[in-house]
Amino acid sequence: MELLKKLAECWAPSGREDRIRTLIASEMEPYVTDVYADSMGNLICRKKGNGKRLMFAAHMDEIGFMITNIDDNGFLRFTNVGGISAHNCVNRGVVFENGTTGVISYEKSVKDLNLDKMYIDIGASDKAEAESKVSVGDMAGYSEGFALMGGRAASKSMDDRVGCYALIRAVQLAESCPNDLYAVFTVQEELGLRGAKTASFNVEPDLGVAIDVSMVGDVPESDHHSLSLGKGPGIKLKDASFIIHPKAREFMLKAAKAAEIPYQLEAAAYGGTDAGAIHLTGGGVPAGTISIPTRYIHSPREVVDIADVENTVKLVKQMIEMGI
Amino acid sequence: MKIEEILKKLDAPLGVSGNEEPVRAAVKELFAPCCNRVTEDSLGNVFGWYGCGVKNAPLVMLEAHQDELGLMVSGVTDEGSLLFCTVGGFDPKTLPGTEVTVHCGDGKYFGVIGAKPPHLVKDAGKALAIENMSVDIGFKKEQTEKIVRIGDIITLNTGYIRLAGSAVAGRCIDDRGGLAAVVRTMELIQKYRLSCDVVAVATVQEELGLRGARTAAAQLVPDAAIAVDVCHGVSPGVSDNAFPLGKGPVVSVGPNLHPKLTRQLLDRAKEEDIEVQIDVDSGDTGTDAWEIQVAGTGVPTALLSIPLRYMHANYEVGDIRDMENTARLMAAWLLGFKGGDQLCY
Amino acid sequence: MLLKELCELFGPSGWEDEVRNFILSRIKADEIIVDSMGNIIAHKIGGGKKVMVAAHMDEVGFIVSGFTDEGFVKFKTVGGILTTVLVSKKVLLGEKRVPGVISAKAVHLQKRDEREKLIPMSELYIDIGAKDKDEAKSLLNLGDYGIFAGEYTEFGDGLVKSKALDDRVGCATVLGLMEQEYRNDMYYVFTVQEEVGLRGAIIAANRIRPDYALVIEGTTCSDVYGTKPHETVTNLGGGAVMTAMDRAAVSDRRYFEMIKNVAERENIPLQIKRTSMGGTDAGSIQRSGGGVKTAVLAVPCRYIHSPVSVMSKNDFDSVGRLSAAVLNELERSDI
């Protein structure tokens, strides 16, 4: 879990993925033929092979905040980078790239709360002091770190560092690789699957698999979601961004059975993953998504089940070894 | 073939977005006799190629989408009935009391969409949400779980009805009506000597966000394209942005559409004495034309629409005369199209 | 199959002709009367008590109430149909069975608040494809009746889906009972207009003046998703349903106990309806003349009064067996 902790705690809001890219590149280099970043910043790790091109995508970026204004008293106004909701960030800690820490709070009452009525307090006593630490345009991420809760783990940015973890470990553990393998760590997923679009354009895969987190329905009074924590990775058949291609579905189910792991099927009305971008690349690419069941997505404490994570590693490893 | 015959052949097979195999087979069968060759891409878009024999002739794309709305199983209730999400934009109000088929692997199961009984619904004026409905296939939970898996497709058992006059009702006249017009056009041009090559395209996943058209147009980047889809028909309470049935096709104008191509279509309609109506679209037409226009280096695109009442309900009502006239108009325009500077600004 | 044939007949309240003719062609009795409202009263003469066995022929449906200039058909519902199940369904209208679909404003054109609301009846029309009022009028007349279109379909674990299960299950059961001989003075009655206020049964009971009545019905069953256990009313597959009390009638206490005992003795599954909502012909019959001892046996139907009501063949069978056993018991004992 050391690697997952390192990945989750790494600072990398969408568009500012340099740190996580360096971290992942160092993990991947010994195991693949080629590691390079494309012009958007996607990290493309290729294990050269003769077969068809098989692409995996896990996104490196996390949701965060961007400073839009600094007032006379040194308080910062901000906008969201990706899906931040007001109720999740009330009185939560944030951290900037240079290590400056802050807390998010709100005007008057939590009733009808929205981000326009919220601000970040970095402990500055006036504008000058604040400006000596941060500037308009700087980004911040949640500061809450990794914590084990029995067989489960909570952290900021499990979305999608847990996917990155599964992909890294699977490539590291894979004993064979019949395909031309592309393990891609994408950028800017939280802003609309942007990195995956260009990465997939460059790679031109024959089949794409995204690895991402997905909502569960196993908490009190939850709306219906087919996934539960601890019952294995999900094979996502539909969300708002894609509907699975029959070839991708067949490949994924075959791998899940061969890997002898528990798995769950998922059909969702909402949400989107990099598979949405991959499948519309060029003349079209069969694509699907492996979902890692996750509670409290887009909060500073996203919770996953460790057995699910390890089973996801096994599933991805199986896909790599089985090939298309 | 009469337009209604084509429509019936296209309306019968299923083709829920992303699962278009059955209708794709019908499309190929209809394309085959009037095309030189028929191809399919990795997402399932079908292309029917017709060459005019002239070297370096321009390529025209005639397009309609093959997919239709459907439902997908998302879970099983304690009572053994199926929870579902929609594939495409259904109106939940049309669903209670509807007969459906659940497609499970090789098996098919009959079901009905039930809902919490109305006398138990507290706010009687409120429509039921999808979350409060389920598909009853008549089995208890244990049996249901053996038969059905999450992700299985559910289709409505809505049949084709010939109504009065030339009106027809069906499950997915959107866009099988458009597709029928495209097939009919390919038939009509057989007897012409054209100066352009034509590719008839039946796209996938339009209902999920114009997805098939994006990849189809990216591969073709044709010299011109005409998308054929449906628009709202006039019905009680619906008059704005709606068009009477039987007086179409509807030619769209606006930024999504190429002005010269559109003008030519309107001129040809006048010359051939084909009745048309004009729709003013100030931006996104919500049709495949929106994706085709910006494919590659850009495609001059026009949009013809068949007026349709009750779009995305169980039964959609259209008029076969509008489909036939759409085909006649496209064929007439193709006859005069030679490329070159005909579409240059 | 008898039930299938019955279910697929056209018989909205007030226009039961097709059902009536079908039943008349099938029954034999010492005396058969069709009264002024259209009830069938089939008398098989016997020596003992006067026993009336009743089921209603009519089903919920529609009546044409007007035409718009554009050729759309205005309609009213006949009997209790909730607007929830009307939108975008296929219907058949008039003697020519003109097909039509009930309109549904396209979801794209609905404003946000409209999307969350039911469409009021005043905004629903039947679309028969007519191009204008004249064409519509050439196909239909004001006052023509209509029904939901739909076939009888078997599915699931011994279940049946059809329109009009309420009360063709009753008609089929009574037709089955008529094939047996009972020693009492038996009146088999197929009533009209139950769905618009238990109307036909009033005059039928006045004519017969029975001592006992047994009404065979289709009844509500809500053992479906989204319902709490205490709201289910009956269970599909739970057996025949007997009503203790509804809005129209309280069953005779001793008659009620007798039926319970018979069911137990004959090992026929029986459930007691868990609500006091609804009403049946028993209400009209019970209070006719000097009063009549009545009981109601029913087949539980999910999604009743919709085009897709659902029943269990086992329950239907239980109602048949139990009603026969009750008629036998009425020969033996006085209540």
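Things to note:
In order of appearance the chains are A, B and C, and numbering begins at 1 in each one.
Rule of thumb we're sticking to: a contact is a pair of C-beta atoms (placed from the backbone, for glycine too) under 8 Å apart; a residue touches a chain by one contact, two chains touch by 3 or more.
From a predicted model like this one, the values you see are computed outputs, not experimental measurements.
Arrangement of the chains shown, judged by which pairs touch: a linear chain-to-chain path with two open ends. At the far end from chain C, in terms of centres built from Cα atoms, lies A. Inter-chain spacing, taken between the CA centroids of chain A and chain C, is 57 Å.
Mean C-alpha position of chain B lies 40 Å from that of chain C. Averaged C-alpha coordinates put the centre of chain A at 35 Å from the centre of chain B. Contact with two or more other chains is made by residues 83 of chain B. Under the contact definition stated at the top, not a single residue of chain A touches 2 or more other chains. Those residues of chain B lying in contact with chain A across their complex are 17-19, 21, 41-43, 45, 72-75, 83, 85-87, 130-131, 149-151, 205, 208, 211-212, 214-216, 218-219.
Contact residues on chain C toward chain B in their complex (touch as defined above): 68, 70-72, 82, 84-85, 87-90, 98-101, 103-110, 115-119, 123, 125, 127-131, 135-136, 139, 150, 153, 155-159, 161, 220, 222-227, 231, 277, 302-303, 306-308, 310.
Interface of chain A with chain B (complex): residues 217, 223-224, 226, 237-238, 242-246, 249, 264-269, 279-286.
By the touch criterion stated above, chain B contacts chain C in their complex at residues 77-79, 81, 83, 89-91, 93-94, 96-99, 109-120, 124-128, 132-134, 136-140, 143, 158-159, 161-169, 232, 234-238, 240-242, 245-246, 309-315, 317.
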